[in-house]
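The two complexes that follow have subunit A in common; it is paired with subunit B in the first and with subunit C in the second.
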Partner chain A sequence: MRLDDLDGALRETLRQEAVASAYRIDGLEDRVVATISGRSPNPGAIGVLRQLLAPSKGGRVAQLALVGATAACFLFLGTALGPRLRGVHTPESVTALRAALASGNATLFVVPAPDAESVTVLGNFNGWTATPLSDPDDDGIWTATLDLAPGRYEYAYLVDGRWWGQDPLADEYVRSFGEYNSVRYVERKGDDA
Partner chain B sequence: MRLAGTTAVAVLVSSMVLGGFAQTSQDAISESLAALGLSAAARVQAAFEQGIQQEKLTVDTALRLVDLLAEASGTVAQKEALLLVLAAALESELPAEGLADKAIQGLTQGVPLLSITQEIETRRLLEQAVRELLNAKGIFSVPDGQRSAPHHLPQAAFDALVTHIAGALGDSLEAGRSPFESQGLYAAVSQRLIHLSGSVLPQQDVDLVLQRIEPDDLTEIVLVALD
Partner chain C sequence: MYQLQEEVSLLRASLDGDAEAWGEIVSRYKDAVYGLCLGFLRQPADAEDIAQDAFIRAYTNLRRYHLEKRFSTWLFTIASNLCRNRLRYRRYHPVVAPPDQMLGGRDPAIEVAREDRHSQIRSGLDKLPYAYRAPLVLRFYNDLSYKEIAEVLSLPEGTVKTRIHRAKVQLKQVLEKDGVVNHEIG
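The block that comes next holds the complex of A and B.
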């Protein structure tokens, strides 16, 4: 895996983990107690956990603390990552956009930037001058469609003046003068994307 | 008869318009260069004109570069050093569009002129080394329309190969890859060529290059370029 993909992959994995594990909170206490009580005593980690979950007054406090901490972790993950994940392309949306690109006659540039005041794209197709993206419906998704001849195009976005060169729709990324640039390969019309 | 006359007039008018446009563009480049106050303005101007004529550099890119240089902070000597790298590339008939684009990008980002010059000088040397490697592997450029063998490529196709092979190597180095990572360099080059195969580069040219170039060849030419 390329280093550039790691951030996106980690976020996606975290999100999937949070979603997939959310059901475990429901009835966690009962299930843990039932599971542990059904087993023979076992020294080591299980023993410690058994002690922790034993129906003593102190154990009950620790047990509730454990459940509370677990719930808090999931709550934090959901709160902290939710808004960010909503702003990032999911794999499904990326696939859909790629399909749109493949069937169309133009190259689409898309940036999710809900709080941005201006978004532009600059690259070797426009002499590294700023071509503005627009967000007419004010949903935070900025787009521009450019007619590009077949070729290899290096580009980056300027989001409120800040360089952002890791477009999820890019075919690859390169480092250039200390910044990331995205790269798209535009094929002949009718070729597979 | 009337059709022939009409066609002749149309061709004449088109030639005048296009000729006038080319002259205007080159005048604009000349004026912009003069405004920079270079001591080697004549050499740069001549190299740019030659490069544009040989389609190694486009007028738009040249103008954009010179205009950005005029606005850039830095001494005249630093600006001249950058332009002389491009002039050297054009004088040795290397494709310079990619080099100029790299410089434009750096100027847009506000990168110091010295860093830009060093980077495009490395890439110029890489292009030179790639051209020599292709020639050593029996792959040559021939004037357009005179291709007589698969390893004789039209000038534009040959230049495109040089640009993209050197570009892939330059990007790998800039990303921190060691010149001794032969397989990594080869992977970067082959990936780029395969991406462009069939759209920008003819499939047969890409196949030819990938058949004849070995990973160790790339390490060798990178070391030559960096020496």
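The block that comes next holds the complex of A and C.
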């Protein structure tokens, strides 16, 4: 017999073996959910940095050193990434969008993407499912207005299916799964946006 | 983007602490992970333990996962590492009873299966060293490509191909010795 003839038998045996004792994993999802309930995934390096920077009684010098290091990192990133973003957002468009954002109470999501076929926003406010942005006047500025309760929201855009997580209108950026996400803090209605 | 959008949504919701979303991920991958663990460890009780542990560890370390990789490959890497650790533990804490007796020997499905040719192949798999068995299971149970197996086991792709070939040769020899190849498979 040829070695390749073993392939089918092996495949079948391994499957049959797993099926024969598969009753052992009935309800495994419930057991896992019960174990992890109330826990969050580990915060990662950025999260740890954020915890360290949170106000505490002691370690003021260490905190200031960390703030300095973080600022240096952002300065470096800004220098490195700034030129890349210039083609997407002109300073004028960002200023105009900021003004529009500040004038209303609802949360505005805006993406200038003249050549895009579709733009959606995903975030922890919609369970990371896609909410479409629209461009009714065909000027290349895609918008969506969502009524969000006050809180911290992590989000990103999908522009023609490509992840775009660095919204210039964001309050800060975080990294997850190796991609950037934007973060926006929604204030209570009536407060300054 | 490599992943299905729906799966990415579940992963991101999990990262936000949504345990139910992670439950859905477990539901989708539990068969694959359990089968992998069973293939590697050859003991259902251990496989169940390690599969559960793999999902809990993956959740805890979810922030380390990068979307450039297939999620299944990342998950299988965690499960494989846990299996390897368990096998090392067994080496220093050997069990007295053979695996079949540990099952209780009363599982009707296993009792029936024992009578057919699968039991001889299973016995052949038991005799293979882990280094050969692991790529074989990933190839023939999890249907991974050589490249993906190399990623999961942290081996060069060429080594994976060689080990799978040698594993099959060794398995064939064991089966021929038991008279299975000629009568059953061949």
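Basically, the second predicted complex is superposed on the first by the 97 of 193 C-alpha atoms of A that agree within 3 Å, B and C clash if a C-alpha of one lies under 4 Å from a C-alpha of the other, contacts with A are read in each partner's own complex, and residues count from 1 in each chain.
Please note the rule applied: a contact is a pair of C-beta atoms (placed from the backbone, for glycine too) under 8 Å apart; a residue touches a chain by one contact, two chains touch by 3 or more.
These numbers were taken from a predicted model, which means no experiment stands behind them.
Taking subunit A as the reference, the larger set of touched residues comes from C, when subunit B and subunit C are compared. By the touch criterion defined above, A:152 lies against subunit B but remains apart from subunit C after alignment on the C-alpha atoms of chain A. In the superposition on chain A, contact of A:185 is made with subunit B only, not with subunit C.
By the touch criterion stated above, A:176 is placed in contact with subunit B and with subunit C alike. In the superposition on chain A, A:162 makes contact with subunit C only, not with subunit B. Of the two partner chains placed around the shared chain by superposition, subunit B and subunit C are both touched by A:122. Contacts of A:134 after superposition: neither subunit B nor subunit C is touched. Shared interface residues of subunit A, touching subunit B in one complex and subunit C in the other, are 122, 124, 127-129, 154, 163, 176-179. On subunit A, the positions that touch subunit C within their shared complex are 1, 3, 5-7, 9-22, 24-25, 28-33, 35-37, 39-44, 47, 122, 124, 127-130, 154, 161-163, 176-179.
Residue ranges of subunit B in contact with subunit A, taken from their complex: 60-61, 64, 101-102, 104-106, 108-109, 111, 115-116, 119, 164, 171, 174-176, 191-192, 195-196, 198-200. Listing the residues of subunit A that touch subunit B in their complex gives 122, 124, 127-129, 150-152, 154, 163, 171-172, 174-179, 181, 185-188, 191. Interface residues of subunit C facing subunit A in the complex, by the touch rule stated above, are 1, 5, 8-24, 26-27, 30-31, 34-35, 38-39, 44-45, 47-48, 51-52, 55-56, 59-68, 107, 109-110, 113, 117-118, 121-122, 125, 136-137, 140-141, 165, 168-169, 171-172, 181-182, 185-186.
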